[in-house]
């Protein structure tokens, strides 16, 4: 039976959203290719997760081993390469996450398979996989293709596919013996560490005013801070601001920062790298201010303002003050 | 060899030189630009380190000069040309019109009382007033007033003549004209003194912009009992609570072309600081200095005494003075603490340095003597010939040759007089 | 982390280069320094350290970046030494060692890559003037005046207004002028002061090559910073360099630029350090202001030679001071408000930005306005 | 501690308006300014910091179709000890697999304790080279590294996960790390520094020096090929608000109000 293989990603006993997103995408591909949707769950004492997965896959391959308790690219690679070699799926889907980025390239190299990473959408034919990706920081869309005749691997960007959210399959769970996992001791998981969080919790805010590179200078941050204050909101930022150490990590929105869902999200001078967009796309209303009309942020924003944010900030601040005073 | 010495300048150096020459039995002429002899010293209050009253020690000397049988005073006069050579100089002198007949005037002073026209007094550094007919100061020698035609109503409008009406001696003479005379002398002693550095050239101190920023000489006049405030240290009728002295204003400063140390400012600052402390109860006095140069006899002890009186010495040059409310702020670094600071004050006193007289170049050309790169008249040798000018028969005395204190002026003047007399005496010896 | 320091400066070299033996440690430099009261930067002490210590390691001296290069220390030095240049030299060591604040790093890299420190794209330099249809000075040989716009007026939307206002005046007065368009590059004044001497040399060479192709008599700059370096630091400029205030003052004096309106406002003028203190251009800007009908002009207490630095020079547009405390631009704005001034005028992009920023940080936006002289002029011509 | 850092030059597209070439497979790069890939720059800095702390050497390596000497000079100026550039026109259009193959050929004969790459490149953003290279070299690896501590024959690294979480992983050396931005503050490279670095060793090789065959190179060897590029329409999705700044601010305020977050 032809197969679409999806790697189930989980951490600390919980399946991650990306897994459901990939299953959703996998279901679409499987239906088109008349293939079986199979998901692989490497882990230890994760039977319950396998049951969960079975609601949206035809087959769940549960690989249980104490050494698979936490994600390890070396161990996962062995599990997957063994399975792929024997089962020969048309395509293997992995999340373009911290886990997938660590795993997929080495896996592809070991199997000699083509790998398309960070894909937004996939089209599969008998011979070819076509993927849409973003390049140049999201300013250009690229259509890339590779052969899938001898199998292929794709990593999927988080948050671009909607999960089904309901039971679509009644799959069975098959327990698979873990491979020998030789040599994995050269890479050892030690622990998880929470990034230091300051006094703020941006996830609790109703209004977020977020700044990006466009703020230009640390000195300009107070201007945004004042605006946030005037709106009764909280200041957040994109990754470069934290990289420059202009704001503490606790303010960062995005994959490596916080995911936020405020009622309103105002993005000031944020171009909209996907790592950021993932962290805020579910906000109630998104208003983006950017000089560049082609900035990717406008794709997710509900309202866009193409102007210099330094012109805009003070005016909006005044407007907000006015409104609040009237109240 | 003409047995007479021409002394140019009637300040302390010129007076001392003339007295020594006169006492040696030679004729001495003093040519003085101003209407009276006395020079800068007569403007001072007390002198360091003894705290003697300057006028008290100087007026007897002035009187002696005025009445000395061998000394002829040519006040309100200027040298306009000189020819000849050692032993036989011919010097032409311009006598400016006083509009007062020197022969007739009795010095009663009624003319000054009756003159209705008030003018800022140069002698009081503009802090007090004089009349359009005036003597520089009450003890002026000669005690003969002059009329200042730039302010006299008669010269300006052709009316008034109050002085003429009240002068019982009939000495007022509006018809007087400038005259030239020629004097012959065997030797010349140049004792033309110095000018005070113009503090406006250091705009960062705000002199001329803020009333509370004054020069040290202005403070001398305020402190002087005969001055415009009768010795009270006051500005606009108020005593200052904080006084800051800024040293080295116009001295040791290449930006204004004065690389040299003015030698007297450290000591006169200490003296003035002492006087302020003494006269104003509770006043805070700060002296901002670069180094303290107290090398004379008793000077170091004097500085110590002033410090012990409570004057705060802070090492570090002041960068600027600016306004804050009704007061001014002095900004400096305390270089000993390595700490910049700002100090508020009601009075800032600029210890302005000594600069060559404005006409030093003209005088040097006229006498064919040299000037140094600093603009002062040049001695023949910096160590061994501080008195000789380089032209035989012409000697230097006092601050025209470089900044120095009263003590050194007097010494150099006596030296110059001695050398001049020696020159003249050489000839007398032969003729005997 | 251990750091290997390869170019610690030996005292002999510094002493010779900056005549440190001539320093009398009077402290006037530090006293005059606009940031000394708030910063660890003590230039007098630094002079002594450079002289007496065996070697000087500037790497831990974060305060070196506090200097605004206003040059007051140098202008005031009674021994005519150049303390400011010592700071620039020490920054040069930091630059060579790579130890510069990231924002300075980004600015310098942007100058190298894009020809401006603001990160703007090289080929968007003349975008501000697209709708103005200005002559291209690199092609049009008939041009008499080259208008050197400068980086900040080219890219900063606020300061672009100044360039537009100046263009309006030039057009009104019939000046035959052009701009260098995308061939214009950073003048390097700030680059030199950030210690990047190598990059400054490249900029001199590149700019001089462009200038030499032009057969012009006069170049006019918006910024006093460009004016300063062209006038005093470029070895070969075969034409006359003028700051716009000088050029416009002359246009007004010769009757070429006339006014047709009135400004009923109380204004003052803030002297930019690079125009006033450093180049003694005090009267030209004042004569322009005086000629604007209706304007009531009041001087700041600290004006002309005694003007207060806005803290925008010497790379300070790209780096924060190492300390907190009231910024001088804020002091300036407070003073102006107290004086009853409605508009603070200035003639430098950095002063404009800093002063305007200060009105906001102290909440005086409604009380006072900050404008470039040209902006006010353009309202009434 | 011998560290090899793989670097790449990329065009700076942040402020630029991009134009797609006629063949639709690339963007016009003529007007764009190129510089070291942001992630690689952090990688070079990290390598140099480790060398400064622990001794050893840093070798910068680039595989490129263009004359990228300036890229490697910059790495040398930052503090790398030597540089190797493999230049071949056939690298144009290569996918990560080909680049990793070439890098593997260079690195396999060099002594090393660590190999660094950036997590990804600013241009294609594949995030593959480091992982594939580790596979070829048969050494353990870690991606998205934000902190490195060198211990006895092993390194302990922090990997950046999602939701502000970090994973601490230990790797036996030799190992490959792909470096995430923010791990350090890359130093400035001065013009003087670049001039001085001219004295340092820089080797330029071609593909035959590496024993690479044509089948292993170029577009034909790439497993993943670009079919075509397109520009996303500007402002897709967002309703662009127009008018004066004041008008826009009023609209924004009413939008916020309608969402119940203001007043």
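Read from first to last, the chains carry the letters A, B, C and D; within each, the first residue is number 1.
We adopt the following convention: a contact is a pair of C-beta atoms (placed from the backbone, for glycine too) under 8 Å apart; a residue touches a chain by one contact, two chains touch by 3 or more.
Quick caveat, the model's predicted, so the values are computed rather than measured.
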Identifier of the chain whose CA centre is least distant from the whole-structure CA centre: C
Chain pair whose interface holds the most contacting C-beta pairs: A-D
Most distant chain from chain B by Cα centroid: A
Centre-to-centre distance between chain C and chain A (centres being mean Cα positions), rounded to whole Å: 46
Chain centre separation in whole Å, for chain D relative to chain C (CA means): 36
Euclidean distance of C-alpha centroids - chain A vs chain B, Å: 88
Residues within chain C bordering two or more other chains: 102, 119
Chain A residues counted as touching two or more neighbouring chains: 245, 311
Pairwise chain contacts, counting only pairs that touch as defined: A-C, A-D, B-C, C-D
Complex contact set, residues of chain C against chain A: 102-103, 118-119, 157-158, 318, 320, 357, 360-361, 365
Residue ranges of chain D in contact with chain C within the complex: 12, 14-16, 31, 33, 35, 49, 52-53, 78-79, 185-195
Chain C-touching residues of chain B, taken from the complex the two chains share: 203-204, 206, 248, 252-255, 290-291, 315-320, 322-323, 331-335, 338, 340-342
Complex interface listing, chain D residues touching chain A: 11, 13-15, 17-18, 20, 27, 96-97, 100, 119, 122-132, 134-136, 139-144, 156, 158-172, 175, 178, 180-182, 185, 223-232, 234-241, 245-246, 248-253, 255-257, 259-263
Of all residues in chain A, those that touch chain D in their complex: 11, 16, 70-71, 73-74, 96-99, 101-110, 113-118, 130, 133-147, 158, 186-195, 197, 206-207, 213, 231-233, 239-240, 242-243, 245, 249-250, 252, 255-259, 263-264, 266, 271, 284-288, 292-294, 296, 298-307, 311-312, 315-316, 318-320, 323-324, 326-327
